[in-house]
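Beneath this line is the structure, given in structure tokens, with notes to follow.
Should a chain be cited, it is by its letter among A, B and C, assigned in written order, with residues numbered from 1 in that chain.
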Amino acid sequence: MNTARSDFRAPQYDPALRGRVIALSILVLAVWKMSQLTEFDWIGLIHAFSDPAPRAFLLSFFPPAHSIVFLKLAILETWRTVAIATCGLFIAGLVGFPVAIVLTRVLSLSAIGKTIEASSWISRGMRGVLRSSMIFLRSVPELIWALLLVRVVGLGPTAGVLAIAITYSGMLGKVYAEIFESVDQAPILSLLNQGGSRLQSFAFGLLPQCSDELISYTVYRWECAVRSSVILGFVGAGGLGQQMDLSMKMFAGNEVCTLLLMFVILVSFADWMSKTLRKVWA
Amino acid sequence: MNPRIVAIFSLLMMVVASFASLDLNLSAFFEPDAMSSMGRFVSEFLHPDLQSVFLYKVFLASLETIAMSALSTLIAAFLGLLIAFKARGVRPLLNILRSVPELVWASLLLIAVGLGPFAGTLALALHTTGVLGRLYLEAIENQTEGPAFALSAAGASPAQVFFFARLPQALPQLVSYTVYRWENNIRAAAVLGVVGEGGLGQMLSFHLGLFQMNKAATVIAATLILVTLVDSVSDRIRRYLG
Amino acid sequence: MRVELQDLSAGLHQTQPILQHLSLKIQQGEQIALIGPSGAGKTTLLHVLGLALAPQSGCIRHDDRDYWALRSVTRHQARSRVMIAPQTPPLPPRQRVVTAVHAGRLAFMGFWASLRAWIAPGNLQDIQDVLAEFDLTDKLFERVDRLSGGERQRVGLARLAWSLADLWLVDEPLAALDPVRARQAMQVMTRMAKEREITLVASFHQVDLALEFFPRVIGLRDGSVFFDAAPQDIRHEDIVALFENEQG
């Protein structure tokens, strides 16, 4: 027998209940409305599990196409995908690296002897413009650049390389600049004060401190570029993606399967390369 | 020999080989024809089409894109929870789902279900399930065992342990991941439209195909605004979660 | 519930079991205090009693049944009749007190009932009454991480009181409580256990409270029973010897 019955009458309902019911209703309503907007066919989806047609489609993937002719084609396209990514990233580096150097405030000659903020308004203005351009370049998804470029330079790897170069120069420029800024400034300043040129101070003072990080980030971006390159292929920029698109349009399930496998191998290879490179460099 | 030198040398070789094996005509970009087209495009770009009829269409397309991203994220969250609960032998499936890029899923599904946002939503849902499933799994595994152990030792079933111990512990982390994926999915949804999956992407591809740069500019601007909006909302939610 | 241990050794590591050849008989409705230095094996013993740790040798019987020799399903069902209240209250930080206490009866709720309890907890008045026993009257809907350490420990005890187990295994229930609250909690626990004829085994670091409230005190040292007697039969020297050379 409870000798201590609480004299605090518990509320008849849970105060959180109202909130939860409202949240649940909103959720249901949202899902319903969104299903309408996206023409989401829930019923068709459930039926698909018992429908023979989707199963036949899946089965058409096996066995993966393995004729010598096709395998040669697949390997060639895979290499071209890597090549597109490498070229694109290389150009992006050519642009991003110098821009990052310019963006590094510590190298500003006009700031020697004064605080960093006191560098001349010209150099500050120029930095602002460069920074905004980098942000703009990397905000527009590379697919959109590719769409544009395909109409300017035609189908093929050129559009892909340029699209990657444009987007990734923005990324590399910004992150390189951040890496440069995060480095210990003392060695650089001492070189500058001795009268060394900006390039010398950069090469002997700044670069050695952060080469690990630079390599690490660049390799990571190279991996991303390889993936991007596959995606860009879908809009005509060549490589594995373009071949996948073609095979899909021809309903050649077994070819698509081989290409997907090649893609998985490619991604694993890129991953391996990046790990090895980072280990070797350190 | 210094391994770094070897590495640099091999990398340079790779770059050279890459350029050599593609027949790039980068100079085509700088030819007068191309330059003047680009110039024309850029000038048209700077005068986006702002007529109300067109803006309304853009607005509808934006709604479609948001719906694609949100619905796919919700579905993925639900499936991800199921998978995180099941937990065993589920990693290979998750890896397949997340390694295949959304666009590839989308193209595959196009064949299966036809053009339109349904394929895009489904593709995003599949890919995101792979991503969220793995994140959920790790988040739940990283929680302290105490509460789950106590309930299990008191005779609760695995499902009950999940709801009353594991899930509540990991919930803030799970919500944070989910909101972060929604941010990503907005970009992905916009892009998927390009292959015919509705929303802003489809509009963009359409108008670019017709070289209507001013209309394309509006669509791109709308995309950027949408992405920024979702980014800031999601940032706020994640900061609120602490 | 009756429990009997025969020559039982158990521990987390295969090679060095903490408990060594322990034999013990616990009758229905008994209230036992477990005392001893850190590392003596008090927590391990509680886990063994709670069917949460399998013996490496020897056997343990609950109501004359050796659950470790039976199917795991049967064993899991038996777990609903024993409940361990760990030293650190096992409560998810953002969970509310009402849900945390509800969780004490999960083994007796089907899947849908537990889901309903998760979304919209019922039995509010009854849970309120249990909380009132532990002086937590206005904390019904409070979040666990907004409570003090002592309050959290009492919520853990409230969950125990809410459960339908007839063997209570409490690990250092008073660690976070000040002396006044500690006595109150002790009074409530022992009274409840007596009213409901629940077998209660609790481990303590505070020897005085153990001696005051429990009719049977077991001293554990290095995994073996050092003494097992009523408080009046325990001499001061025994206690000193029990804790001799205790570190920390």
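Heads up, the rule we're going with is that contacts are C-beta pairs under 8 Å (C-beta built on N, C-alpha and C of every residue); 3 or more make two chains touch, one makes a residue touch a chain.
This is a predicted model, so every value here is computed, not measured.
Student: State which chain is most central when centres are taken as means of Cα atoms.
Tutor: Central chain is B.
Student: Identify the chain pair with more contacting C-beta pairs: A-C or B-C.
Tutor: B-C
Student: If I average the CA coordinates per chain, which chain comes out farthest from subunit A?
Tutor: Most remote chain from subunit A, centroid-wise, comes out as C.
Student: Using mean C-alpha positions as chain centres, tell me how far subunit A is from subunit B in Å, no decimals.
Tutor: Computed value for the inter-centroid distance: 10 Å.
Student: Take the average of all CA coordinates in subunit A, do the same for subunit C, and state the distance between these two points in whole angstrom.
Tutor: Centre separation, subunit A to subunit C: 53 Å.
Student: Between subunit B and subunit C, what is the separation of their C-alpha centroids in Å?
Tutor: Roughly 49 Å separates the two chain centres.
Student: Within their complex, state which residues of subunit B touch subunit C.
Tutor: So the residues of subunit B in touch with subunit C come to 146-147, 149-157, 159-160, 163-165, 168-169, 171-172.
Student: Would you pull the subunit A residues touching subunit C in the complex into a rising list?
Tutor: Those residues of subunit A that touch subunit C are 1-2, 4-6, 8-17, 20.
Student: Over in the complex, which subunit C residues touch subunit B? Could you list them?
Tutor: The touching residues are 47, 50-52, 76-86, 88, 90-95, 99, 102-104, 106-107, 109, 111, 114-115, 118, 163, 165.
Student: Touching subunit A in the complex: which residues of subunit C?
Tutor: These residues of subunit C touch subunit A: 96, 98, 119-121, 124-125, 127-129, 131-133, 137-138, 140-141, 195.
Student: Going by the contact rule at the top, pick out the subunit A residues touching subunit B in the complex.
Tutor: Residues 27, 30-31, 33-35, 37-41, 44-45, 48, 54, 57, 79-80, 82-84, 86-87, 90, 139-141, 143-144, 147-149, 151-154, 156-158, 161-162, 227, 230-231, 234-235, 238, 241, 244-245, 248, 251, 256, 260, 263-264, 267, 277, 280-281.
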